[in-house]
Amino acid sequence: MGKLLRKRTQKAGLPPGSLVYTGEKVDTQVSITLVEYDEQQFQEKEIASFEECLLLKDKPGVTWIKVDGLQAVENLQKLGDCFNLHPLVLEDILNTDQRPKIEDFDDYIYIVLKMIDYSENDELNSEQISLILGSNFLISFQENNAAIFAPVLERLRTSKGRIRKSGADYLAYTLMDLIVDNYFVVLEKLGEAIEFMEEVVVKRATPETLQDIHRFKFDMIMLRKSVWPLREVIGRLDRRESDLIQEATGIYFKDVYDHTIVAIDNIETYRDILSGMLDIYLSSISNRLNAVMKVLTVIATIFMPLTFLAGVWGMNFKHMPELEWVWGYPAALGLMLTIALSMVIYFHQKKWL
Amino acid sequence: MGKLLRKRTQKAGLPPGSLVYTGEKVDTQVSITLVEYDEQQFQEKEIASFEECLLLKDKPGVTWIKVDGLQAVENLQKLGDCFNLHPLVLEDILNTDQRPKIEDFDDYIYIVLKMIDYSENDELNSEQISLILGSNFLISFQENNAAIFAPVLERLRTSKGRIRKSGADYLAYTLMDLIVDNYFVVLEKLGEAIEFMEEVVVKRATPETLQDIHRFKFDMIMLRKSVWPLREVIGRLDRRESDLIQEATGIYFKDVYDHTIVAIDNIETYRDILSGMLDIYLSSISNRLNAVMKVLTVIATIFMPLTFLAGVWGMNFKHMPELEWVWGYPAALGLMLTIALSMVIYFHQKKWL
Amino acid sequence: MGKLLRKRTQKAGLPPGSLVYTGEKVDTQVSITLVEYDEQQFQEKEIASFEECLLLKDKPGVTWIKVDGLQAVENLQKLGDCFNLHPLVLEDILNTDQRPKIEDFDDYIYIVLKMIDYSENDELNSEQISLILGSNFLISFQENNAAIFAPVLERLRTSKGRIRKSGADYLAYTLMDLIVDNYFVVLEKLGEAIEFMEEVVVKRATPETLQDIHRFKFDMIMLRKSVWPLREVIGRLDRRESDLIQEATGIYFKDVYDHTIVAIDNIETYRDILSGMLDIYLSSISNRLNAVMKVLTVIATIFMPLTFLAGVWGMNFKHMPELEWVWGYPAALGLMLTIALSMVIYFHQKKWL
Amino acid sequence: MGKLLRKRTQKAGLPPGSLVYTGEKVDTQVSITLVEYDEQQFQEKEIASFEECLLLKDKPGVTWIKVDGLQAVENLQKLGDCFNLHPLVLEDILNTDQRPKIEDFDDYIYIVLKMIDYSENDELNSEQISLILGSNFLISFQENNAAIFAPVLERLRTSKGRIRKSGADYLAYTLMDLIVDNYFVVLEKLGEAIEFMEEVVVKRATPETLQDIHRFKFDMIMLRKSVWPLREVIGRLDRRESDLIQEATGIYFKDVYDHTIVAIDNIETYRDILSGMLDIYLSSISNRLNAVMKVLTVIATIFMPLTFLAGVWGMNFKHMPELEWVWGYPAALGLMLTIALSMVIYFHQKKWL
Amino acid sequence: MGKLLRKRTQKAGLPPGSLVYTGEKVDTQVSITLVEYDEQQFQEKEIASFEECLLLKDKPGVTWIKVDGLQAVENLQKLGDCFNLHPLVLEDILNTDQRPKIEDFDDYIYIVLKMIDYSENDELNSEQISLILGSNFLISFQENNAAIFAPVLERLRTSKGRIRKSGADYLAYTLMDLIVDNYFVVLEKLGEAIEFMEEVVVKRATPETLQDIHRFKFDMIMLRKSVWPLREVIGRLDRRESDLIQEATGIYFKDVYDHTIVAIDNIETYRDILSGMLDIYLSSISNRLNAVMKVLTVIATIFMPLTFLAGVWGMNFKHMPELEWVWGYPAALGLMLTIALSMVIYFHQKKWL
């Protein structure tokens, strides 16, 4: 949990604009893929460093520079020089503790998004995706080299759909649509787990159940932090406040916007459901206490009078005529049985048994 | 519950604009009804596929294409070509996980609504209704071929009210009014069930009652998700932001808008009432625990002193003069009875009995 | 409770504009009172049906048509024709499940209000008041013929205050002021009941107390539903968005607006107080459980050791020297008394007794 | 509590504009103080009635009419005539159930404020202050003649600060600043009480503590009702929407505005703290129940097995060889002691003792 | 806690504009540092009083007057005269109970910020920082002379980064960035403590844990009060509403703005987590009560029937044939053992043991 919330203090004291990667230093290779395409042609190659990017600028068609892994710090400065990126943008790309946001510079838009998926040990994992959208280029940054954008690359290769006929803004839309669709994959998995847990809560809740509920609640908080700001980010793209978004693409961003709202709706619904489960859990504890106390009370109520009676006939008074009777003992036992049975019947009627 | 929340991931990975029906695949027949009417005449026929629609376009009078069942995927593309619908609109019609929304294109408005009713097994059921409103045509899509629009069709046939004299916008209003009126049918049924449960909670609440309360709460969340966005959808129609809504029809949308607000008000009221019932339920558990503990305490408080006394006179000391007395035993019993009675009186005064 | 929330479904399936009265059908007589006045003269008469209204139109002075009881359905249509009222307005007048609202038509304003008072059996009662305000006429509709507007009528008759010198808008203000003032009567009565209950909760709360708290909470929800929308309704009159409100009358509506805000404030305060009472009630249950458990624990802690000691000396071991002592029995009793007393002192110090 | 919320119904039924004082009728003398000053001179005198006010109008310098006590009803009308005040303003001055508000008439501003302080019996007391600010005069009304404005009067007399050089708007600011500063006095006193109670809650909470918490919560609601609307009132003065506020004074109102925000902030913080104390109180009840139950369980667990053993050896079976042993009794006692001790050690390890 | 909320009443009654330091009077020396720099040169010296400031005004380059400690009250007036500062600004600098705010005067901007850090005894400490930003000068005030701005001073000395090339607005940005970065240091430390406490709550919660949770909650309220208003303060700088902020610096303020939003997000997340921990704590108390009651019930349920049986065979009836049997005693013990064992097995199956 803490991992998701603190990442920033390594930078405290450094001047603004310092390029320091603040994410987890895992040993992934940095890979830079260069994709150039227009309606007729498609070209894809790996490049070793950002130094080659100068050659690619201002070509016809759309250029997509796909950067996987954020360790190549010095090189990033070169990319910045080449595309005239503001130092703070470069800093933000490396600072993986951003909130989803959009910044409109004159000749490019800088977009920060959060990709959420499950890690191997079933924990929610948040990865920062940065997009820089220019008039005819798109630069994407992701923290590690997972193949999250593979379907889009494949569609470009095989020229499926309108993606090859459209500009860099449509490419940006495709990537954002992929990220938002992924929220639904995560939400569906969470939804199944919550639905399963709902039965558990009712039938056999343990203190661990409470912790599970709170883990899910925390996951929802995490998701909410990623999806909620998206609303504004995509809203601004959808309203086409920048000239870099063509009119025909606007409606596509409106579509992602609607999906985002549906995701937020579902997150809020799950939060409500989880709150309800907490109520059920807490009242199930109380119900069990009630059940335990009923057992105790039934036992005590049956045996206390009986033990008292046995005590009475165990007294050593000289003159206790019933002790002499032949049928005294069976009569005593019979009386005790009668008392016990009437108690049982009474509790049965009160539904305590 | 899960059923209502997840429906989307079958599409992940496909390019945008892919026409995939995401609702439940039930084996309903797709039926397309074509209705043409103006003040003088009324014509109604079933057509086999959307290919015939081209012939019907740009006729005088109002044309209503009523599509029941959303399985005819290939054909939908033809309808889209015929009426110049945007690919994303066609995709949204089939994607039944939409939020109620309105989209204003230049020559038509696309409206998504949710029809809520009860299934046979008394669960809330949400069905997506899409409307495409043009200057002189209306296309309606519903997931299955239930007869929800039958009253409107009947009114058109018999020429009742102003519906035959008005345009396609008034027809759209009539359908939306029907859907909103249906929320009140559902709310009334829920209201009766909640009112009945209120007595149950006070008098004989069981753990199942808690689950019922939470099921109703979930139903309210569901309803709210459907009705809340309607507010904005109909608000935009009422403000007549599009030229497709005539001035005379505006006031009718204002009326549906008011009904929507009343529905939202009632939903919020029921939510408050359900929260109150939860409090009553939880405190009734505590009250019962109190009652159980009082029984235990009364029993223990009466019999513990008595058992102690019996124990005392059961001791084997040589010199216990009272054991020799003739009236010792009756006196002992009398003392015990006195103690028991005073305890009972004491608890009676404390209102524990 | 349910009564207040459901009233609508009798209309489902009917075309819009159908004139059906949806309130409770009580057997009240419909009475129509016609009042005409200006600064010099005042005239008041009962009329039998709306057919006479045509004669009254466009006279000098102010005309107030006061309709008590909403059963005269066919006639209402005639009134609508006479004053050019929109069919939906007529429908809304009869549909008593409206939310307070205001609708500005070109030559009249339609206002819906809720009059709240107590019924004989001390339940909150909501009655719908509709006002139609024209340039020189006001038509008021109320569900039954209670004398709620009597003070205004009396003031008109006796020419007190500025009411006879002012127009129809000032008459509308007077009626609305009366309705808002009535909220304070209800709030005061509720406030006294809540204040009384506050003592009950602290001193002798029963499960019925909880139900009372929730009944008051529900009353507050009811009041809130009636008063909250008034804020907007009167706000629009106060801003004089319609030409039918004269400048001099604007400040009076501003005054009613301020009263409405004070009423909302008080309702919110009562809601907070009721929430606090719920906390006190719930914790008083816990406190009583604590008290019960303390009694049980004290009894058990005193008598268990004593009973054990009695049991020890009741054992049948051959060689128990103390049993032979002459002072054995008094010593045993003395020891038991000592133990009991020290327990009592201990619990006294712990403040359990 | 009720006292603070109900004061209005004495007026129901009267025509609007009726001048009725609705506050508590305490037997205070009405006193009217007339202050005239400019940079050079200062004059102060008591006047007997408002009839003299005509003479004072339109003089050079600033005129402050300070009215203490609101019983002089007939006279108020004369003041209204003299300064052309709207009848509703006069009504509002006497109706002490107002919310803080501001009303901008053409040639004067009417401001309602609430002065909060502690009464002798330590209850929060709310007093209504009305200000009428004209171009060169200020009329202030307070419910009783407490010396709340004495410091300002003193400062005028001794010509300290810029108050004598400035206009009536600066005088209004000075009075409002005094009222807002007073909120901090009240908040500080409440803060000390809350801080003290915080220790009580943790260490020795009683049911009275809960009532104290709720009393403080209610005080906070009261304060909030007075301070929250001030935000808007002063905000409008600070934005200088009226010509009566000079540019140089605007910044001073901005300063009071900031103080108001700080007061609101502190109120919200105290509300959060009080909510937290409620949690601590409720869980301290649960903790004590736990403690009680542990004592009971320890006692029962130690003595029940021992009593059972004593019972076994008290049985009257013929053939119980251990009863014959010489060391039987000491061995039995030893066994019992061992069991008791191991129980004690066990509970000690479980931290129940 | 109280310390953080009350500081104001020492001033009540004084005229506005009175220069009184309201913070804690600790015995720190006031020190005034004068820094002058442009791209080429850097000069730094301590000055004894504000009287020297007149000489420094209107020099080329940027002038930074850094005031540490707020005790030098009379001198502050001189600084005010020298830079034409409004009396209320001087008052606010000394009044350390401000909310973060920004005020735009014509030729300078006055900014109030809160620096939060941990004191030695691990309590949150809030210090007020005031900045006065002119066209070519910046005056900073802090309550004590801690070295919080040392890194910026060092960067100026060594000419690192763009700070020496930029104007006074960039210097202001650098100081504000430092303060906001500090929030993250505090948040990280709090986050670690909360994460640690999370384990404690689940495994070994004590009543002190509850107080810790509430202390953290209070810390979050404190932080929120400092950070939340920053949003608006920096937002106004970022929108460049004043001419004193150059266009190139705007984007840097936008960056601090984003950091502020992230800080607010994290605070809200921690608040949610703390609420969840409260739930876990409260339910862990209930769970323990359950455990205690189960022990009691198990013990009572096992030993009550056994004690009863021992009592039966301890009765003194003449005719109890089983007492005579040779195997009577072992059979009785065997029966008791069987009952005890079946109880144990039963409770084991019910998971109570």
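In this document, chain identifiers A, B, C, D and E correspond to the written order of the chains, with residue numbering beginning at 1 in each.
Just so we're on the same page, a residue touches a chain if its C-beta (ideal position, glycine included) is under 8 Å from a C-beta of that chain, and two chains touch if they have at least 3 such contacts.
Please read these numbers as outputs of a predicted model, since none were measured by experiment.
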Hopping only between chains that touch, the fewest steps from chain C to chain E number 2
When centres are defined as mean Cα positions, the distance from chain A to chain E in whole Å is 26
Note: chain D sits from chain A at a C-alpha centroid distance in Å of 43
Where chain E touches two or more other chains simultaneously, the residues are 286, 289, 293, 296, 300, 304, 307, 311, 314-316, 320
Read round the cycle from chain D toward chain E, the chains appear as D, E, A, B, C
Interface with chain C, chain D side, in the complex: residues 1-2, 5-6, 8-9, 11-13, 15-17, 86, 88, 91-92, 97-99, 101, 103, 207, 210-211, 214, 217-218, 221, 225, 278, 281-282, 285-286, 288-289, 292-293, 295-296, 299-300, 303-304, 306-307, 310-311, 313-316, 320, 322-326, 328-329, 332-333, 336
Chain B contacts chain C in the complex at 151, 155, 160-163, 173-174, 177, 181-182, 184-185, 187-188, 191-192, 195, 198, 202, 251-252, 254-255, 258, 261-262, 265-266, 269-270, 272-273, 276, 279-280, 283-284, 286-287, 289-290, 293-294, 296-297, 300-301, 304-305, 307-308, 311-312, 314-320, 352
